[in-house]
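Next come two complexes built around chain A: one with chain B, the other with chain C.
Here is the complex of A and B:
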């Protein structure tokens, strides 16, 4: 009886894994097919993917905490992006430059994004169960307010010091807003390293970290550690070995890596965000967030102030989104004043979902894998479209379609699953639930 | 005092703001010497061409699937039918009705397929439908590039695919607006358009009163109770979704003829939102709606936009203030409705 139940469970588990990761697996094949069709030099593809990874990752990581709090994908990270843009507008207004400009922009965006996040959280508490649609509409609404302020009030009502920011008639800000030479990529330019060295460094650090973990476990002789095999250590070793073999055996691969420079400071910033999120999940606040995400009524009955926790989760997310958008803009070097924030939510969410996350479950691994796959598709689909149908536009429409479709499929799958789960739990009792 | 408060409560605070704003705009119109008859003519046309798109919200809300954010699905069907009517040079009022007829089978098919999804995602319809709408628009962008249309007036002279904007002068530009149109005190009254809109409103009103309509309402109001009384809830939701999609398809054709051109590619992406905002302004909620809500809401929302455009242009000629106002008002009212929805449940 027990074993039968167990195999059944394993079967269900495998099935669920396949369904959950269907999008990721499909995307993996789309990317491979696209790379073959695009027929581009490896150095170009690797370079583009790496720069997009560093540019977008914090924005994707910003989505994680609200997912843990059971609020789904936070479409309102658009407001965080707006906070970052306001920060840049303010610091550009005072003609700042270089790292100082970015630092001041971030300092300005901190209180803004916290206030925005707080208000968003309050609104979400009014619309429990419909947070995602609320967040999306809130993004559109906030865009209206943002446009009103910067298109019409800046100049006549709000004084602007830097005349270069204003349109020639003195009403509204110009678009796009360009960062000056010293500010563009200021964070990236602190320290650039070629990708092969960076990957070696990361893999060796990972190996050392795993070795330290293993040693600690070995020395402390923890009870639960006895049965465990050192999988982490093995994976780290294997990864390093595979990478080394690939570098040694393939000239083009090594060349492509050497050709690509990665921004170390931005990388460290991303690592700090990852560590912060991991650390957060281990604290009291993190366990409260998880409890609220599991079941709000149970969390409340345990004495956790669920509404407050939800607001905090959104505030963290909005703040990280502001940081992410700042990193994004400094990398590009300019932003279209009125539209740069529009697609932040959609693209980040699609990327996270492609990485295998769901509305209820998301982690740093999903974010990184998603960023890699999604942006590979983003780069190659116009090129593939051009080679396949002699029409680059087609590829561009295709990638937009994929972006929306991924979100639609993920949302539908999740909703379907929760309806089915409800049905299964309700049916045997034959009870009708009255709310 | 209490009764006044109560009245405000039932009427809704945002609706009062919008009425006040509308009043302010009308005063401004006179102060700024904006040609009143012309503005009112534009008001009437805008109300007329947007009415059917707003009507498309009725079946969904009745059957409990909520506001149909997947309206672009129906719109794409209507656009496809419109393109077919242009391809075969169907002209005049007849061309418009031909396009409507052609759109129906597409809409029924798309609506049925979509309803199968809607019935499986109860409780998350709004979010899923938004992204279904978005992805259909993106998919049809590929369609507009690839479909084998060949009429030289609607495809790009160089390159592949249909044009982004197709002016209807050769076919049925404002044909309904000009049908039986009369001029009273300088205001053009598009009688033909009003008749067609009135007909659609009447048909939907009769449908709501019919046996099927009442069953649909029951399925929306309390699914468990309806099921116990032998109403097939899922079939009701299917019918409602199909009906809504069909109305979306017809709505865009009426919209396009009144506007003077078809807009393809990304144009339908956000078209659900003004329609939703209009019915909400008219007093509908995500779970309750009447034809009166649709008519009142469309009249208020579209007159506001129609008057705001010249007023904003004479105040600040640069930029698109009325577009910004539209964004704030339409999304603000949807947010308000969403926040009230939860309040009503508890």
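Here is the complex of A and C:
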């Protein structure tokens, strides 16, 4: 009887995992199939994925905080992207270049994104429960104003110093705006390391960190720590071992890694953002954000200023989005003046959802996994389409279609999941309550 | 000894409707005062005043004084009340399901550690001192004598434990002087309730005064030091527990006698012809959950369903009409009814006047005519004209029926085309009734038919129910919070308590019997 119950429980557990991670599992298989069909050298695939990861991750991380605050996916990170673009336009106008150009762009985008975030937050407080659709429409609306300013007012009304920025008739900015040679990838170029070394470094750092934690616990001899097994340490060791074995045993794998260079400075920036988000989750502010996300009425009744907290959450998100867009643009080296921000929201959100996040729950792991899977599909699908149907257009179509499909499916699955959860919990909980 | 709290001559009315009329009593430190009274007696209004809720100030404030520790206080918001040391445990849980017990207990009063970043970026970036939070939360729980792991998240906690977490949160506040408990045992099992009461005793022994709102008279008798009874906004009794007893409390709660001649349906006899049989019905309606309802409705009678709010009386009709998920067996004219399918009951010839008039009862932006015929159009396909594959609303044929109803029910309106949203509450209720009756139902469910309508309209509605019952032989199941209203028109009255049928009484049974059934005392121990 007991064992029967146990297998049943395991079955339920597996089923639940399958249901909860349906989107991620689906994408995992699509990616595997795509990689096989595309039939590309591993060095190409790993190189592309790695560069896209570094390019997009901060934008995806920018989405996390509003999810904690119960505001769902923040479509209005588009405004953050605009703030970054305005920053670049301003610094380009004063003919800056190199790291200084990026730094000034960021400095300009800070107040802008904070103001945008604040206003967005205020709007969201008026439309509680409809933040996502509001954010999406707000993005379209903001685009209108952005276009007005840069398409018509720049030149006649707003003086532009750098004539290269203007269209030939003197009205409106040219598109695309190119960063000069020194500015393009300025952050990336600070320090490049081949991927195999980078992974070794990260894994060894992780191992050292875990060892330090273990030692500290061991030295402090805390009561509650005694029962705990050093899982972190074991995982770190195992990961390092697996990676080393993979590198030694597979020539092509090692070659692919050596072939790929990763930008260390950008990596550190991403790490800083991750640390900030983790740190935030352990602070009073993070706790308040989570409390508001779980139940606004309860948070308010306990004296937490929910409206203010929600505004702060959106401000943080918008600021990170500005930083993310800046990293994105320096990586590419140019941006289409009037459309670069358009897909920032949708693509980032699709990536996060693919990583297994929902509109109620999202963490750094979801962001990284999502970025990997989503961008793998992004690279692979045109190639797979070309090989399969002799038509790259089809794959191109597929990846745009999939991006929106992911959002729709993930949202529908989320609704379905909550219905299922309600159904599952309904019965046993009732029985327990009235035993 | 100086009283901790003195409600001094509190008066309050909502738009001319007096809900509190000179309530005046005191509470000593460490004393447990039970506050008893029917629904609408003014208990929650009194507590809203104590906590400075917005509803009070928005409706013109109140008269009288609240004297706390010898000083007249002006409480503008729940935060003011908290600052004075007044805490409240709500009927519904105010706990965050994803947070641990400890974090819930210390919510917004977390122990924090300053760090370099917080010195620059502001207090929001102070780190939570988790070990200390857990330690202090565990301390508060152990003061209550409870063994709950403070590091478990609340959603994994048995429902019975949640109430204790709420209390722990209150007593963890160092300045707590008065604790208000609003029907705290409603969701607890018997053994949990016992432990809970022991907890409260402990809290009071620490010198904290307690206001205890409960309908369970047994608990009141065993726990409280004194009992304050409100009825229709007036204080009818303020006695030490030793000087009173359960029956007296019950009688004083229900109070006013009803003249026997005003009960129209006493001692009518019926054949044992069961039109509707409800067996073990369980309806999951939030706030009005019922657990196990078994009832038989005889053909031609008016059956009343009464009971206190939150005990599940309104869930019965909502369950049968498929408005909320339900389980159990319902047979109608001997045939099983698939009530889980919304609309099934309507199709079978039953009709429902919902208590949620504006939510599900009416299309406020549509005309009286359309509102009245809408259900009939859907169920019996009347008032429609065919146009190829489409059926269109046939205004002409509807108009006659609607006019007849308007006259019959004396609905004050400019005509059938007037928008329902513009009507008064009483007239809206009549439209609801008309909508149900136009379908010519065999059995009619009416839920809270007189809620929020004036006395004149009330009487017309009640008379009309009696009339259609007599003349058209429509069986009526009427749910109402107003016991006297049920007694005026019903043949039998089923009292629902804690989600089950506590007993069925004739309308002329003594007040005490009704009161005892409502407060969860089975009729047996009389």
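Here is the rule we use: the second predicted complex is superposed on the first by the 400 of 435 C-alpha atoms of A that agree within 3 Å, B and C clash if a C-alpha of one lies under 4 Å from a C-alpha of the other, contacts with A are read in each partner's own complex, and residues count from 1 in each chain.
By our rule, contacts are C-beta pairs under 8 Å (C-beta built on N, C-alpha and C of every residue); 3 or more make two chains touch, one makes a residue touch a chain.
Predicted model only: the values in this text are computed from it and were never measured.
By the touch criterion stated above, A:407 is placed in contact with chain B alone, chain C being left untouched.
By the touch criterion defined above, A:288 lies against chain C but remains apart from chain B after alignment on the C-alpha atoms of chain A.
When the shared chain is aligned, chain C comes close enough to touch A:304, but chain B does not. Within the superposed three-chain model, A:279 lies in touch with chain C and out of touch with chain B [touch as defined at top]. Of the two partner chains, neither chain B nor chain C is touched by A:193. Contacts of A:127 after superposition on the shared chain: chain B is touched, whereas chain C is not. Of the two partner chains placed by superposition, only chain B is touched by A:151; chain C is not. Of the two partner chains placed by the overlay, neither chain B nor chain C lies in contact with A:265.
Across the two superposed structures, the residue set of chain A contacted by chain B and also by chain C is 432-435. Residues of chain C that touch chain A in their complex: 78-79, 82, 94-99, 103, 107-108, 110, 112, 117-118, 123-128, 158-160, 187, 189, 282, 284, 291, 325. Listed in rising order, the residues of chain B touching chain A in the complex are 69, 117, 120-124, 126-128, 130-132, 134-135, 137-139, 141-142, 145-146, 159-160, 224, 273, 316, 318-319, 321, 324-325, 327-328, 331-332, 334-335, 338-339, 341-343, 345. Residues of chain A touching chain B in their complex: 123, 126-130, 132-134, 136-138, 140-141, 143-145, 147-148, 151-152, 167, 169, 171-172, 391, 393-394, 397-398, 400-401, 403-405, 407-408, 411-412, 414-416, 418-419, 432-435. Against chain C, in their complex, chain A makes its touches with residues 279-280, 282-285, 287-288, 290-291, 294-295, 298-299, 301-304, 312, 426, 429-430, 432-435.
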